[in-house]
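Got some structures for you, see below.
After this come two complexes, each holding subunit A, first together with subunit B and then together with subunit C.
Moving on, here comes the complex of A and B:
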């Protein structure tokens, strides 16, 4: 367990050295500016706008960060040849990969906690009501970040940073549209297209399952069973992708 | 080895910074030429690109809706509110405030009670009512548009009838609905509504109000019957009849008109039918139609 924790903490330290904490400052600035501006220019929808801006900015920043961090980590190790140091240690490649993912997620989680604290503090300051849907939106974002990081990691285990980032961004968009692909395909008269649409839907992560921002916007009720199922879906998808990444990484020859 | 002086870079940077400060200016105002509708992205594109953030995108266009309202001065500029509000509600159909806000600000009086952008306002309110079938404000706004701008009294009455059954509806709505029914010529629909309301009234005072409305509507029905016979008389002789008895005598009226309040009927100088017991006709009053006869005959 020791080397695993060391790897995770090291990943966090590395990200901190890369000044990723600056994102929290940018988030705080964005929140402050938007609330000040919105107070001046909106009519009767302050609670809605502060929720949308806060959750939207948090999600966008963390998604981009997760994609950037995860897609570059392994390929950078390979490019810098530091991977040779790691593979020569008495540590399995799988543990190395999962340790790096844990480090990545530790960074993202710490930033998310800071952003969430800022967001809720801002809402309390403006006496904007906080509902369970707000907590669900923040919590489910964390699972979405796990899935996206896993996609980045999988790609990073066998391709360059550029390709990994491109594919992960594409998966992010496709993942939010996958339910539409399913619905559109099921309207087709061709059985083959229906099957293809369903296959695409099941292969891609359905990221809309983690999107509780509309619920927060409308203070809509959320059920714990729905949340649990989405969280389990996220962790299962991550598990599959990480397992695939480990298999591919194990087969890779670094000579 | 050459010395590592940063002076040239600093100097160049300072020079460029000064140039930037001097050149910095607020965004240019577009020359005020002929008015052009705002060119907005298609909602399909926004749905594709902004998936996962649609509420945030809708918020942006909502803020633009408010800003376009604030900027507007002319009727066509108020018309710009429609594309913004339409796009906002396309992106987020449950954004209820947008329908009410834009539906209220769009109709613009261009002078002498000539209104612009009324179709857009009505379209938006109809769109909103599909999403919020129990929204009282939207019902009332739509009924107002239909009666005041489009003169579609029957539909306005139907909208108000639905609104009057919503929780929190003001007590005058059913009465207004019956008046609109009468105005549209559907006296029977108004009567049916008034009778239902009288029968279902929980207190005696409300029941009496609707019973009175039933009597008013019955009288209005009789007045319309007399008016129809006046029209037929005018077609036949080219002038209005002198009194109601003439209509009866010549057979233009098959039976004497019945006033539930036991009053008599007369033909006013505007050649419309009136009753002694009801000073004003049951219709929508406008600057051109006050609904009553100034030269009321004293006693007959």
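Moving on, here comes the complex of A and C:
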């Protein structure tokens, strides 16, 4: 097992032994289960409601978890001084950072797989039809989680967990609005506002590209080219953030 | 061609920039030179803030020097191959608390490229060496300070390093814990491992080191073997006289640096140049000299003297 894999697997072990992760996981599963409670009041639109509530709950819990975990990833190592024993090992700082992020994404992925399995099990239990849009909604959420984790992770490599989490939550909201901001600004008469809208759009991730929950709710068709381009966009955005984190981290003194 | 020195430091300086605007500067290290021979146990002795940890962190690529260079086995610390041959225990080591001692030492072995049965065997071996076999499967959050220190040492030893770098390995430990760490350092020295450690605890230096450098305010103020440093200070002679009361000796007109009457004898310290005349007077007056030897300054006196001198001259510290 290479050093990189050892680090990633250790990150997963850390999450498993972290009470907060465990609590969130249990809570999220319980919340998904409880969506069945809405069954009796909304018999007519049952398929829509189970999709809406199920995917919504899954997305909310995973986004919160991804932000919580990633924002503490590096800052906690520095605060607790565990970083000294790690960065001094025969391992490049880049490998250390990417190994930590990989471990984090392993945790997030396992939790998402658990929730998705439960969600689809419930759908089939209630004989609610599963469309390609449902799979797209779950799959694209995974790319959104990469982008958000990379933001939290980049922030946590030079600021505290509080600041990192705050910034990441802000990026989450702004990122879902960034395409709206862009459209709004492009309608403006002023060239300056148009430019500003463009700048905001290119600096912030366009998180609405990963949101296929409305498609799933209304059983709308999705095209694979659209999905592929969103996935590539997510990974590219993540790659840039990680590269930036590595550059900043490489020059840093740990005193 | 002889193998490159485990540690070679030339003209090393570090200035930390502090404050929100990075406009305050602290000079932590100034023009340090240091060279270790293979197999040496080398001590960096100095008070708090002397720059000991800064030196060590530069050697482990944790801190970038402002000037000068450091080499590990002829390679820069940023080279992973250089660090592969080093075992490091930081000051107040903080291994992951959610892991057990065994898990952490195993992780360290993996990061050093070990795997499989070789790794498992080596982990058990080093845990045995630091006497942590029984507590190995307990989470580190439940460990005492001494246990954490020993696990940190085990994770440094797991890769069989040719060079051990220890930052204050015995500070904050009780006498038993300190003794155990000292014994482990001595064992490593027998194996031929080169050891660099820093401390402000003088008995540790006396008990362990071949050579020592004294750092004060970021500058090296003394360097040499422990014996050399101590004997360089020997300018006094200690004499034990029997059969003469102290008053008679005092009446001889020789400056006594120290005079202590004991039960049936007197213990005297005089300057080297006064030793012959004093001896003559004592013998003439019927006294007996039962002991005569150069008065040894302890390393502690040497250290305090170096501190005193450094206070008068220019030293580092905050410069703006």
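Quick notes on this structure:
What we mean here is this: the second predicted complex is superposed on the first by the 235 of 255 C-alpha atoms of A that agree within 3 Å, B and C clash if a C-alpha of one lies under 4 Å from a C-alpha of the other, contacts with A are read in each partner's own complex, and residues count from 1 in each chain.
FYI, a contact is a pair of C-beta atoms (placed from the backbone, for glycine too) under 8 Å apart; a residue touches a chain by one contact, two chains touch by 3 or more.
Just so you know, these numbers come straight off a predicted model, no measurement behind them.
In the superposition on chain A, A:52 contacts subunit B only, with no contact to subunit C. Applying the stated contact rule after C-alpha superposition, one finds that A:85 touches subunit C and leaves subunit B untouched. By the document's definition of touching, of the two partners only subunit B reaches A:211; subunit C does not. In the superposed model, A:60 makes contact with subunit B only, not with subunit C.
Shared-chain residue A:173: touches subunit B; no touch with subunit C. Overlap of the subunit B and subunit C interfaces on subunit A: none, as no residue is touched by both.
The touching residues of subunit B, when paired with subunit A in their complex, are 48, 51-56, 59, 62-63, 66-67, 94, 97, 101. Looking at the complex, you find that subunit C touches subunit A at residues 16, 53-54, 57, 60-64, 80-81, 83-84, 86, 88, 90, 92-99, 103, 107-108, 110-113, 115, 152, 155. The touching residues of subunit A, when paired with subunit B in their complex, are 38, 41-45, 48-49, 52-53, 56, 59-60, 173, 176-177, 207-208, 211, 213-214, 217-218.
Interface of subunit A with subunit C (complex): residues 1, 3, 6-7, 10, 13-14, 17-18, 80-82, 84-92, 251, 253-255.
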